[in-house]
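Next up, some structures in structure tokens.
Heads up, the next two complexes both have chain A, just with different partners, chain B and then chain C.
Moving on, here comes the complex of A and B:
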């Protein structure tokens, strides 16, 4: 049930240094919010499609799109109503349904949201969570925060398994007079509540034990016993840095020329 | 002085442990119980239940960290990674404010407790739904962002309606939890 987005692979995106990916991520996000003409956003989106297709394949290109397509339809339907000015494209009586400006804005929003979704998807699909944490700590994310996230990631499957066990244990019982179970949302909530209480108590009881374990590991001491490991440098780091700079330069030039 | 320093360092281990466990609990609560919202393919989850519980039992700062990190991790693990930074902010601040309201307002009678709950619910909902609306509006237009508001409000209603009895039940069944507040 608990699964990360990451899939093993040998594409160039998998070997791309995660520190460079983390450096590029906010810059590419900012690009989508820059005042650029629609064809520039569309062009960049096509580039991202091409990148995903060549590095990850068709299935992985469809996966994020499948998750967001209902919202994209909503954008297409609702956005034009906020832009009644411009050349009317669809008009019934005196009511203007669609103008050229509304259509362009919808397209801009669609390309922005799809682009942001694909950028995040590519990052988490091609980089393990551990590497992302190490990369963030390289950018001076506090050690305690990295520790919290890594400990939490270890406990998520444990607690999810515990939830399954508690649910199975509760499923063995029924009421004394054996009345048929009620249906509906409220009944479902009443049924799930004791499971949530048990899970929460089990989880909370773990805190003192984990505290002791962390103290034994030297957390909070001046001479800590552990530290985060370093990320190994990728083989073609020079090329990767060059490609990153090239991409940024191209985007800036396009922005200056077409804005 | 030396004793105090030692005590604060022991506290650090406890704080890391409590935030990590509650982050994991929030992620599990967010990922396990999901009611899909058809129009936007989003989902209503029990993450807010965990946030409410954390704010009431552990205080505002644990709720800020565990609420924000737990829901953001759920977004990343569940394939909605583009929402993770916004979720971190929205749910983190939501947990902080719920916890602060509970810390500041006196709760001597049942009436005051209910009033406090309603106030924290209102503040939490305003911040959470407001953040999603504004950021959603900037990302894909306010027309589509409006459609998310009812789902977010329902999620918060579930948070207060289930989170409060959960807080009472856990305190009753495991009294040492009262000493975990900071």
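Moving on, here comes the complex of A and C:
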């Protein structure tokens, strides 16, 4: 019922202490919303690309981008309309389609959105959900709350997995002698519709069953929980703490210097 | 005053229990139990046989207090555990006394590590970690959970998931064990082991064991368990006499006779031929599928059998073009076939019919597959009516989303019946179906000029329906047997 983005691996991100990752996560997210010049966001985004590429590989760099590219296109198309002031770059008659300010803002939104996506992706790709739960509990979050967070976060990959299965099921609903279906964007959109309906039905059906499964595993009891596992202790924790601090120091320095 | 201590009351007592689901627009509320009575003591092992939709799952859920819950069902009567009314506490407060295994393991697994899944309920109960570890190690040995403890349970085969849940149940060590169709998806060895273990748990460890099933009557009859039949909202004891057998037969709970004579008989033309096929999952290096040679002709039925996780479903998905082989060739009617051609030529009956159903009426669902067939509307409707009759579907305008699971599965069979395919694969498709419903699907598909692959652990089905038996293990086909020849001889 529950799926996850996590894949086993031996990159340094996989061995990075989960608590440090959770500590860094909100700070890195906040960085994208600081009033910094565009090249700082771009530089940080490139750093994240580099990190993903070296630690996880090209396929894992493309994966989150593939998920969000339609939204990025929308941002690129629609944002400039909200910034008509500035140096016009594209103008038809009196209507200004694109200004330098609009272009810059589009880029800023795209870098923010992409950066945030990649940060979350790296966390979930390299950390088992159960370790994230343990990490959150280490920060004294109540278990039920951490469970709610983890279920909510896992529900999206679960739906993605379900989407794959339903797509497979629908791909087989054709006969050997059928006339080939039309191709093109409209035909593809029409093909997605039944898959989404099936997905919605399955997604909704999952909710009460998941509740039931959790209840039968004791969620809702008053007594205190024990834990079979603790967060795995990394071998080079000292170095990891040093690297974490170094990264934060660099980001703060960049912010102060360039803002 | 008598204390409600274990032993002074029967472990489980159901008194005059009534359960009726609420009515919805277009769907009348269904009454499942009418004055159901049952008593189960410690040390007793009871198997309740009932046809799909007879209320087995509902009863199991009522017994661990998750139902009626949000179902808004009308309930009368009482369920008592050691003399205490089950409705007085929430389901989570009963997990030290009652445990349940769902029919569909995917619905019950909530974590992404094998050891975390096994430990979850015990952690909720506040059991010390070293005790959890001890119980887990023993239970994993008992139920053959031999894979890496870090492995994601969702990557396991259906039978492996069941083994994991059974070991979770053993670790939980409750007084009352409830198992909903636990035999489905378990291999032959697993089924035999399960029955032995349950008998042992009842007789030696004084557990009360309640097993719900809609098949495997023969296996149960030779076990030490008592058998009852859930019939018309009440329980009737199975005596092994002609009357009991007649009830089982009427409900479709025992298999019928061979359907082989009804097949088209036009054997010879090669449908599928594979050679040198290799496949390995990217996130599971422990398993690889390697098939040197496999072929099937029109009119033939192959049964794929083998232990859980041996690669039966992987082979099926390769044959349908749902996953691409890393090496080897697949010839379809003598020609190499890629994803698109395999998708069009092969039908795969998914365990969950809801993956394919999305339209408002049965007629819409059946007609959809005929949309590109080039047939006129009149011809299409005639075919729809034929399928409605053959698969005993409720009617053209019936809404699939409100139909029962078994009927939705028959609808799925009817959809594939109307599609022109060269190869049909039924992957553990009998889950949630009575023998009769399953046989209906098989027989109708056999009438077509196509090849059929049945993946099942049920020996009764394989011996009745198959021409060839392919025994698989560890991702290889180890043995091929000509079943038709064996029975003729």
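Keep this in mind: the second predicted complex is superposed on the first by the 171 of 259 C-alpha atoms of A that agree within 3 Å, B and C clash if a C-alpha of one lies under 4 Å from a C-alpha of the other, contacts with A are read in each partner's own complex, and residues count from 1 in each chain.
Going forward, contacts are C-beta pairs under 8 Å (C-beta built on N, C-alpha and C of every residue); 3 or more make two chains touch, one makes a residue touch a chain.
From a predicted model like this one, the values you see are computed outputs, not experimental measurements.
K.L.:
Please work out whether A:197 is in contact with chain B alone, chain C alone, both, or neither, and reply first, second, both or neither.
P.N.:
both
K.L.:
Touching A:124 in the superposition: chain B (first), chain C (second), both, neither?
P.N.:
first
K.L.:
Tell me the contact category for A:53 with respect to chain B and chain C: first, second, both or neither.
P.N.:
neither
K.L.:
Using the touch definition from the top, say if A:33 reaches chain B (first), chain C (second), both or neither.
P.N.:
first
K.L.:
Contacts for A:70 in the overlay, against chain B (first) and chain C (second): which applies, first, second, both or neither?
P.N.:
First partner only.
K.L.:
Check the residue A:221 against both partner chains and state whether it touches chain B (first), chain C (second), both, or neither.
P.N.:
Once the two structures are laid over each other on A, A:221 reaches both partners.
K.L.:
Applying the document's definition of touch, where does A:82 land relative to chain B and chain C: first, second, both, or neither?
P.N.:
Touch status of A:82: first partner only.
K.L.:
With the two complexes superposed on chain A, say which partner A:149 touches: chain B (first), chain C (second), both, or neither.
P.N.:
A:149 contacts chain B only, not chain C.
K.L.:
Could you tell me if A:210 is touching chain B, chain C, both of them or neither one (first, second, both, neither)?
P.N.:
It touches chain B and chain C both.
K.L.:
Which residues would you name on chain A as touching chain B in one complex and chain C in the other?
P.N.:
Dual-contact residues (chain A): 1-4, 129, 151, 197, 201, 205, 208, 210-211, 214-215, 219-221.
K.L.:
Quick check: in the complex, which residue numbers of chain A touch chain B?
P.N.:
Residue positions touching the partner: 1-5, 33, 63-64, 67-71, 74-75, 78-79, 81-82, 105-106, 109-110, 112-113, 116-117, 119-121, 123-124, 129, 144, 147-149, 151-153, 155-156, 158-160, 163, 189, 192-193, 196-197, 199-201, 203-208, 210-211, 214-215, 219-221.
K.L.:
Tell me, which parts of chain A touch chain C in their complex?
P.N.:
Going through chain A, the ones touching chain C are 1-4, 6-8, 128-130, 151, 154, 161, 165-166, 168-179, 181, 194, 197-198, 201-202, 205, 208-221, 223-229.
K.L.:
For the complex, which residues does chain C have touching chain A?
P.N.:
61, 64, 66, 69-70, 90-93, 95, 99-100, 102, 106-113, 115-116, 119-129, 132-133, 136, 150, 152, 154, 283, 317, 320-322, 343-348, 350, 354-359, 368-370, 372-374, 401, 415, 419-422
K.L.:
Which residues, counting only chain B, touch chain A once they are in their complex?
P.N.:
Those in contact with chain A are residues 9-14, 16-25, 27-29, 31-33, 38-41, 46, 49, 53, 57, 65, 69-70, 73, 76-77, 79-82, 84, 138-144, 146-147, 162, 165-166, 169-170, 173-174, 177, 180.
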